[in-house]
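Read from first to last, the chains carry the letters A, B, C and D; within each, the first residue is number 1.
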Amino acid sequence: MITRETAKKSLHVPVRAVIKGVKDEAPGVRTLLLEPVEGQFPRAGRVSRPGQFNMLGYPGVGEAPISYSMLPPGKTDAKAEELFGHTIRRAGRVTGYLEKFKEEDEIFFRGPFGRGWPVEEARGKHLLLITGGLGLAPLKPVIEMAPSLGLAGATLLHGARTAGDIIFKAELARWKTGGAVEIGLTVDNPPGNFFKKRQDRGLEGFEKAIGEIRTGLITELIRPLQIDPAKTVAFICGPEIMMRFASRDLMMKGMGGAGIYVSMERRMRCGTGHCGHCQIGPWFTCKDGPVFSCAQLRGLPDVII
Amino acid sequence: MRIRTEYLGRVEGEAGVSFKIEGGRLKDLRINIWEPPRFFEGMLVGRRYDEVPDIVARICGICPVSHMLTSIRAIEKAIGFEPAPETLAARKLMAYSQIASSHLVHLVMLALPDYEGQGKGENSLMEVLRLPDMEKSGLLKKFTSVKEALNGITRAFGGRALHPVSMVVGGFTSLPGETETRLLISALGAAERDMEDIAEMMSELKLPQFESASVPVSLSEDGGYAVNSGLIVSGAGLEGQEDDYERLFEEKEALYSNAKKTSLKRGGQIMTGALARVSLQHRWLAPKARKPAFLLVEGPPSQKNKNKKNKNPFHNITAQAVELLHFWQECKELLEAAAASLNQGRQKPLRGIPPAREGKGSALTEAPRGLLYHSYEVDRTGTVRRANIVTPTAHNYLAMEQDLSGLVEANIGMPEERLKGLAEMLIRAYDPCFSCSVH
Amino acid sequence: MTGVNASQRNYRVILPENALARWLEWLGGFYTLTGPVGGGVAARFTEISKFEQMDLDYQSTMLPPGKKYLFEPVEEVLSFDVSEGVFSSGPYPPGRKRALIGVHPCDVNAILYLDMVFLSGPYADPFYRARRENTFIIALNCKSVTGLCFCHLVGAGPYLKAVSGYDILLTEIGEEEGAERRGGKNRKFMVELVSEKARELCDVFPFSMGEQPEEKDFEKMSRMEAALLKSFRKNLDMEGVQSALLSRPDHHALKETADSRCLSCSNCVMVCPTCFCHDVMDKTDVSLSRSRRVRRWDACQDISFAQVHGGNFRAQRHARLRQFVYHKLDYEEQFGRKGTVGCGRCIRWCPTGIDLTEIARAMME
Amino acid sequence: MGARRPRAGFFKFTCCSGCGFELAYFQRCLEETLAAFDFAFFRLASSSGTPEGPFDLSLVEGAVTEPFQIIELKKIRQRSKVLYAIGSCAITGGIPAIKALAPEAQVEGAAYKERLYGLASTRPHVINDYVQVDGFIRGCPPGERDLFEALSSALMGKDPEFTEYSVCMECKMADNKCVLVEEGLPCMGPVTNAGCGALCPAHHRACYGCFGLMGQANIHALKGRFRELGHFSEEDIENRFFTLFGALGKTERK
C-alpha cells in the first residue's frame, strides 16, 4: 500500500544540493563539489559506492547520469557533512546548462544508482585501472581508497587526447608521490606538436611531477605489462572503443572476461530501471551496471566490447 | 523629395511604397509588392485534384480557409460533385469564423496601432497594449478571449485553425460532436461582450477623411449575406455569374511588382472586401450589425449628404467591425442548428473522396479581404492541367495605388513624416495581404 | 482444469450473463467500469456505463488494456513551482478506482510483466503502483484465436494459468436455454474469484443466482481449451529461439526485413503490452512559472533512442529492429521470462506487417 | 524574471506568413509570449524596430528563393545568439519547394508573362543550406509543443528538446483508429515527424506529411505499402506522398 510517507519520498522527487566548490579540470570539464540540503528522494540509509552515479539536473532542463568522482563520506544521515563531487563534461542540454552554475547555486539530484566497482574482488590481488579521458573520474574514488583495499598492488594507466585534456593533474601528482599506485600516462596527440602552445599551458610542473607522458594509444601502455592473470583484476573506464581494445589486450595476456570490469555509458532517463533506454541485451545499465564484467557483455548486440 | 517605405509593417507579406514630390506635384507613386512569388498556378499543374486544397491553403497564413473553400468548390464543380447540405453549413461556419478571426487580427493587431499609437511613438501591437489606457481597458484579455472563441470553431470543424485538415474535396472527414458544439456556443456567449467592446472601440476611431473613386464589387445572394457563393454585383448593379468571371475581369502584370492588378474589363478601379460587402449587402446583415452598417453606409442622418454611399476606404476598418458583429451572430445560429442536428450522434463524416472526372470548374467567394477566384481544369485521371487564382488584394491593388495618389495629392503640403505615415495608414486600411496577392 | 483443489472450487460459480451484467453494474458503484467496446481485433478499452456497451466476444484491441490504463501514454511525474522553488509529485492514486473487464489472458500476463518492470527491483514506481492497487481486473478466457496469436507458445493463453495478480476470471461455458439476451441468447460464465479482494466483494453481493459448477462443467472447459489450442496457426520453437538469435545478430533476415519493410515508425512498440520504455522530459510554461517533468511512451525503433554523446548504439535500422525482436523472444534473463505474451499486436499494427516470429524462424534455419 | 527581456527577431522569407501568425496570433500562450520577449523586429506585428540586432532569439520562416534573402539570412545569423528555423518552408522547403519538381520556366511561365524577365526567383532552398540553424520548430503551421519548447528554452537559456519521432507514436498514444491499417488510407504518419499530436488520423484522415519527413524515414518501404493499397499510380505516390512537403529532400534515411 502506498502511504503518504512513501509518496512524499517519491523516486521522482530530487534532492536539493548546493554547490560548495567548482574546479576547472580541462577544457569543457569541471568538478562540482556538492552538499545536499534537503530533499525527498528515498535515499536515507543508502551508502554510496565508487562507480555509482547520480541523476544530476535542474528542473525544466532535465537530468543526466553523472558518476561520483568524490564519494560522500558515508555517514548518510548526517546530510550536512555529506560533501561529494561530480566531474562533468559539457555534452548536451543538461551538462551545458550546468556549465553556467557557480558556487552557492542550487542543483538537484536523485541517487545514488547502480552497482559500483566490485572492489572486494580486488582484495589480495593486483588492481589494474585503465582509463581514458573522463573515464578517470569514476575510478578516482577507487584510487583514493586503494590503500584500504588490501591490494597486492595497483597500477593506473591513463590516456587522454592531449596533455591539456588530462584531468585531476594535482591528484595524479599526489597519487604518484603517495606511492600506493603506479601511474602510466599517454596522450594521443604528442606535446611537441602543432597544438602544444594552447593546450600545454601550465603543464611544465605537472610533467616534472608525473614523469614521462608517452605518446600513442592506451594500448601502448598495456602491451609491455607483466600480468599474472589469476592474480589481477582490471577496472576499465573510458570511451567504449578504448575499453574494447584494452580488454582485448588483457584477454590476450590470459585474463578471463570475468576479471575484467568496464563501466558502460548508455542514454538514461530515469536511473531506476524503468525507462528502458539504457538496456544492453537483457541488462539495464542503470541497475545491473553501469559496471559489468566483460563476461557478462560478451556476445551481446550493440556493444562494441 | 522622395518618400519611401521599403518594408511596410503590420501588413501580411512584403511590400513597399514610394513616391516623389517635385514642385508640389506627385510623381512616380508605386506600391511595390516584392513578396517573392511561389508560382502556385505553376506548382498546381500535375498535382492530383484532392491535393489542391492542402496546397492552396499555404497561399496565406490568415485566410487559408478561404483558399481551401474556393478551391474545393471549383474542384467539385470540375469533377461534377454536389456536396451535401450539412457540408455546406459546416463550410459556412469555417468561412464565417475565419473572416471574423481575420478581421480581429486586422483591427487589433494591424490597424489599431496606427490610431492608438499615433503621436505617442508607438506602432506595434505590443507597444500599444502597454499604453496606460489600453492596459486599463484590458484589450489583450478581450482580444485573446474573442480569438479563442472564433478559432475554436475553425479548430473544431477543421482540425486546426491555421491550415485546417478535415475539410477536403467532398466534405469533412470528421465533425465535432454535440457536446463539443455546445461548448463552442458557450465560448461565443462568454466572449460576446468582449467582442462587442472591440467592435465598438474600432468603430469609434477617428479615421481620416478621404473619398475614393472606386466602385465596390461583391457577391450577392438572395436570402443571406453572400460569402461562399453568389452573383457578382457592383455599385453599378448586376455584373454576372461566377462562371463569367474571366470574361468580366482582367489581370494586368505590373513590371515593378510581383502582384498583378485586376479589375473589371470595362475599366476603372474597384474595391472589394468588408466595406464593399457592407455597402452592397447590408440588408442581409444580422440585426445587431444592421444599424452600425446603415450609419456607416449612409452616414449619420443629421449630416446626410447627397453623395449617399460611403466611399472612404479608411472606413473599411469600421466595416470589418460591423462584419465582426454579423459573423459572430451567424456563427451562433449555425452552431445552434448544427448542435440540434447533431444530437443524434456524429454526423456521418466523409469516407473516401469523390472520384476523378474530366472537367473545368471555377468558384468565386468572399475571403476576409474580398473577392477570391479559383479556377481549375482537371483531366480524366484527376490531374490538374490548368490553375488560375485571383486574390482580393489583386482586385484592390489598382484602387490602393489610385487612392494613395489622391490622398497624397490632397495632402501634398504635409510634413514628410506625417505624409508617409498617412500613406501607410491608407494601405493598411485596405487590409492588404501581399502573400495572397503574389502567391 | 484438472488438479483444482476443493477449496479453490468454493470460489467458483456459474452465472448467467444477465446476472453478471447486474453484478458488474453494481460494481460500477465502486469502480469506473472499463471494457472492450467495438468488436473484432480492433476493439478499444473504453469507459462504459452499461454492460451492453461491451463486446465480450472481442478478439483483440489496439492498445492493450493494462498498458493503456496502468502505465498511461503521457503522464506528469513531477512538477516544480518556479517562484516557490518546491517540487510536487502525485497525487497517488491519480483518479478513481477502475475495473478492467474482459482482459484476455495474454493481457493479464502482460500486466504481470509490467508489475515486474515497475514494482520489482530496488525502486517501485509510485504512479504505477497506486494505479495497480486501485485497479480491479476481471480476466476473460479466450473463446477464439486470431491468425496472429501465439500466446500458446509462451504459456500466456488462451486460458489463463496465472493464479494471482488479478481478481476474477471469467470463462464463457455455454448458453442458458430459454432466456433472452444478446443475440437472443443468455450466455453462462464460469466465474472464479481469484483474489482476496474479489472474495470480499462477493461476500457482499450474493451470488445466489449462480449455480455450483459440477465436474462436467470443468470437463467442458478442458475440452474447449483443448479445441482452442488446436486452432492456433502460428508456431515457433520457443526453446531453440534463444540460442539461435544470439548467435546470429547480423542475420540477413533481419537486415532485409529492416531495409525493405521497417518504417521505424514504432507502431510495434506502442501497441506491445509489455513494452515499457518511456522518455522523460521537462517542459516549462512560457510564463516560466512551472516546470513539469513528463514521461511518455518511447520506442527502441526511434533513431535517437540509443543516441549518446559521441555515438548511437543503434544507428542502423536493423539494429533497432533486432532490439525489438530480441527483447521479445530472447533476453529471458531480464525478468525471468520471455518479453512476449504472444498477443500478435505488433504484427497486426505494423503498417507493413512485419512478423517477429517469421524473422525468428528465418534466423533459426 | 525581472531582468532584461530577451530580444527576439522574427524574419519572413518565401512563405505564407502562417508561422508569424501562429506566433503572434493563433497560439495559446500569446499573452505570456508578448510579456516575456522584446520583439525587436517582427514586421507582421510592428512597423517599427530594426533588423540590425543583436538578437537573443531569431526565428526564421520561409524558404529561400531569391538571392537577396541569402545575404539577409547570413546577416541575421551573425546578429543572433540562437536561430531557429520555424515551419516547414524554412525546414524542408514546404509547399514552395514543389516548384523544384518541374522545369523552372514552365512553372514560372504558368503564372507570369511580361513580368517573367523581372523575376529573381531561384530554385527553393531550406535555410540551413546557407547558415547554421540551432533547432527546428517543425510543422505547417508549427506545432504548439515545439513552439513553446523553443520559447521557454530561449527564456531559460537552455537547449530545447524538439520532437523527432513518428506521427504514429503520437497517434498510438492518442488511441486513434489507424487509418492505414484499419481503412487502407495512404497515411504518411509512419515517416512523418511528430509534433502535431496526430491531428489528421484523429480526424479520420491520412496524414499528408506537413511536418516533414522524420530523420529515420524509410521512404521506399512505405512506397511499397502504398503500392499494395492498389489505387494509386506511381506518379501519385511520388507526388502526393513524397513531394508535398519533401520536394527538396528525396533522399533515403537510415
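Just so we're on the same page, a residue touches a chain if its C-beta (ideal position, glycine included) is under 8 Å from a C-beta of that chain, and two chains touch if they have at least 3 such contacts.
Treat the numbers as computed from the prediction; the structure is a model and nothing was measured.
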Common touching chains of chain C and chain A: D
Far-end chain from chain D, centres as C-alpha averages: A
Between B-D and A-D, the pair with more C-beta contacts: B-D
Averaged-CA centre spacing for the pair chain C and chain B, given as whole angstrom: 53
Distance between the centres, which are taken as Cα means, of chain D and chain C, whole angstrom: 38
Whole-Å gap separating chain B and chain D, where each centre is the average of the chain's CA atoms: 25
Shared-contact residues (touching 2 or more other chains) in chain D: 152, 156, 161
Multi-chain contact residues (two or more partners), chain C: 281, 283-284, 298
Junction residues of chain A - those touching two or more other chains: 60-62, 92
Interchain contacts, given as pairs of chains that touch: A-C, A-D, B-D, C-D
In the complex with chain C, residue positions of chain D that touch it: 1, 29, 32-33, 35-36, 148-149, 151-153, 155-156, 161, 164-166, 168-169, 172-175, 177-178, 180-182, 187, 189-191, 214-218, 220-222, 224-225, 254
Residues on chain C engaged by chain D in the complex (per definition of touch): 42, 44, 62-63, 68, 73-74, 259-267, 270-271, 281, 283-288, 296-299, 302-304, 315-317, 348-349, 351-352
Residues of chain B defined as touching chain D within the complex: 7-14, 36-43, 45-48, 51, 54-55, 58-62, 64, 105, 109, 113, 123-127, 129, 140-141, 144, 147-148, 151, 159-163, 165-166, 168, 173-174, 253-256, 258, 349, 351, 381, 387, 424, 435
Residues of chain C touching chain A in the complex: 77-78, 80, 82, 87-93, 117-118, 121-126, 129-130, 133, 246, 249, 276-284, 291, 293, 295, 298, 300, 305-311, 313-314, 319, 322-323, 326-327, 330-334
Residues of chain D touching chain A in the complex: 152, 156-159, 161
